[in-house]
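Below, chain A partners chain B and then partners chain C, in two separate complexes.
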Partner chain A sequence: MENITEYLNSGVEYLKYPVFGIYLMLIIVGGLTAVLSKNLIRALIGLILTLFGVAGMYFLMSAPFIALMQILIYVGAVTVLIFFSIMLTRAPDGDAGMETDGKKLNKQIILALISGLAPAFILGIIIFQKMPDALPLKPETSITILGGLLVGPYSLAFELISVVLFTAMAGAVLLGFERRDKK
Partner chain B sequence: MNPLVLYHLTALLLLGFGLFGLTSRKTLVGMLISVELMLNGAGLALVASARLTPAVDAVGQIGTLLVMGLAAAEATLVLAIILVVSKRYGSVETIDISKLKG
Partner chain C sequence: MINFLSIPLIHIIVALVAILAFIGLNGVVLVYMERKVAGFIQRRPGPYEVGPQGLLQPVADALKLLGKQLTSPMGADKILFWSAPIISFAPVVVCFLPIPFGPSPNSTGMELNLGLLLVLAFSGINVFALCMTGWGSNNKYSLLGAARAVSQSVAYEIPLLLAVLSIAFQTGSLNLSEIVQSQQGVIHWHIFMQPLAFIIYFISATAETNRAPFDLPEAESELTAGFHTEYSGMTFGLFFLAEYAYMIVVCSVATALFLGGWDGPFFDGFWWFLFKVYALMLVLMWFRWTYPRVRFDQLLNICWKWLIPLSVLNLILTAFFIKLVH
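Our next item is the complex of A and B:
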């Protein structure tokens, strides 16, 4: 089967929901681990699980290029950066990447729950009120078209994102630069 | 429950996780992880809207690519900031670095 879209719109459509459920499970388990785990390395593993789940959803929407970019950029680059920042910030008393237990006030948890739930609740109500109709999946957009748009009508955005990336890299180097003369 | 609503609810779930983590985490690294969760939710919502509504498909996908690029830039910069903070304060806990001078 050469075209994922045809495949998804054709006979195996009933497989869509179980597969979606699997990816949703990955996202939920990974997200909870990423948010709740005391050990930051475990939280990072949870984040990776979530990223793979989202990549799977991109595949399910027959956007394979975005899915592969998700795996390449997020799983390949961003998580490595986060891992570095865990590794390089060792607490003076030894353990790297542990959040101190401390007195985690119940009040704090409740406030955090509210701040997480309130926007989700409001947006959820809006989604359920609108309940937009879904079209059947469109044919897959080829990378050629995406690339053509990036160097054609959207070349300004493309250049700007390059400038932002360059600035971020230069800023990171500048910030990380250690002055030797000042002790 | 059509697929579009399902995808948007998933994106909403990611946003909720991210906001909860951002407010409940005590270290900068944990907050960075939560921000990445939220950005993923944004990308998922964009692609779902592009693929399953009459909107132009390629534009949504390009938007998601730009979001990913921004996320990479942000992670780089936050890594540098975390390094500087941990060098200067000896800790990356928000409680230790939230005091003003004086």
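Our next item is the complex of A and C:
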């Protein structure tokens, strides 16, 4: 009977490979949908799939706090706001959210492929020439330590991010007031 | 005899099955409860014909929903339309995992250090499902309902998070079991130390679950049925089940954060947890049949002019007192 317990416990360990595969598929399929779909809403769904996959990867790397923050902020808030802005800008004839397609698109695809594949190619060569050892998985960092790091050694970066956010918010308010004055 | 529940994989599978059964059973019980409560508040008997005291009414409702044909409107985005009910329902199952129903380790689905955060993160996905219904249904009522749902939940998530944060400040933990353990004995319940946070949490939670008086996304007198206008049969049933399940989740979190969880004046155990959750559910139902629906500007004013400033004040005061004590 003890063997069964051990067997099942080691089974959990092996789950990480298929799970990694599932997350990878989510990221790739989501990314392709986001880029290739003509319908803006479907592209957004692709983006959300990718964000979910990335959150799952954070879980696998034993960083659950960042994974949950990814879901809370990106899936729960940012993409919902993108959704909202697409809904608000929908044209009266009903097919807004569609990208305009034309002959220009071929050129764009070539440019996009170059800018996407060139870095991947260079990085790939470097990685295959100097294959680094797999990094050992670090134990989960508790949020107390994370919080201490944010207001300690990384306080400058933390403050800078808040300044950026504040600027964006103040800019949005300012734009809103300008629009209202014109009326 | 080995303890199979101590093996993580089996524990999680058993927990998931139990949660699904719990959600289904709750759906049946709560439908009956809601209709009876509504009836009594309006001085009528409520469901009465099917079974003794109308006890079999929810079963009849469920069978009716199961037997209905599933239709989708012309010009709907099929993928969005059919996947939205599933996306609305699936995350709520995850939300139940970290909730401690009782003192024994077996009564928590998954012991997580960030359990509270998990609940908050996964319950946020529901808004996204509502957006998908709004866009996918190709119906102006659905779209309006979805637009309302988004602005409502984005606004009310802030005071909700701030109220929860003040409890996290006080206990120094996001693990729901630890938070419950820190309030043993009735006087230590957080509701007595943080009454303002509890009120803010409960109002925001009512708004987040789209319950009356904040049920603007599905306001039946204005928007037919709001975001789920076009859904029939079990797809509507899934939204319904998800809504009740989210109500149970917010009431469970309120119980764990503010009301001492499974701790009671005597005989600690899961019965206290369930009793408190159901008491809070009754309060939610009482709200629904007492207050008229708020107007949209009133809804946003309550949030931005009252709840957010009050919750920030509460947070600052909490931080100040914690600094004072240490």
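One rule holds in what follows: the second predicted complex is superposed on the first by the 156 of 183 C-alpha atoms of A that agree within 3 Å, B and C clash if a C-alpha of one lies under 4 Å from a C-alpha of the other, contacts with A are read in each partner's own complex, and residues count from 1 in each chain.
Just so we're on the same page, contacts are C-beta pairs under 8 Å (C-beta built on N, C-alpha and C of every residue); 3 or more make two chains touch, one makes a residue touch a chain.
Because the structure is predicted, anything quoted here is derived from the model rather than measured.
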Which superposed partner A:I48 touches (first chain B, second chain C, both, neither): second
First, second, both or neither for A:F65, with chain B first and chain C second: both
Touched partner set for A:I145, first chain B, second chain C, both or neither: first
Touch count on chain A, higher of chain B and chain C: B
Which superposed partner A:L81 touches (first chain B, second chain C, both, neither): both
First (chain B), second (chain C), both or neither touched by A:T33: neither
Overlap of the chain B and chain C footprints on chain A, listed as residue numbers: 65, 69, 77, 81, 84, 86, 88
Touching residues (chain side chain A, partner chain C) in the complex: 1-2, 4-5, 8-9, 11-12, 15, 39, 41-42, 45, 48, 64-65, 68-69, 71-72, 75-77, 79-81, 83-84, 86-88, 140, 142-144
Footprint of chain A on chain C - complex, ascending: 2, 7-10, 77, 79-80, 112-114, 117-118, 120-122, 124-125, 127-128, 131-132, 134-135, 143, 146-147, 150-151, 154, 157, 172, 174
In the complex with chain A, residue positions of chain B that touch it: 2-10, 12-21, 23-30, 32-34, 36-37, 40, 43-44, 47-48, 51-54, 57-59, 61-62, 64-66, 68-84, 86, 90-93
Complex contacts: residues of chain A adjacent to chain B: 16, 20, 24, 27-28, 31-32, 34-35, 40, 43-44, 47, 50-51, 54, 57-58, 61-63, 65-66, 69-70, 73-74, 77-78, 81-82, 84-86, 88-89, 91-92, 97, 99-100, 102, 108-109, 111-113, 115-117, 119-120, 123-124, 127-128, 131-135, 137-138, 141, 145-146, 149-150, 154, 157, 161, 164-165, 167-169, 171-173, 175-176
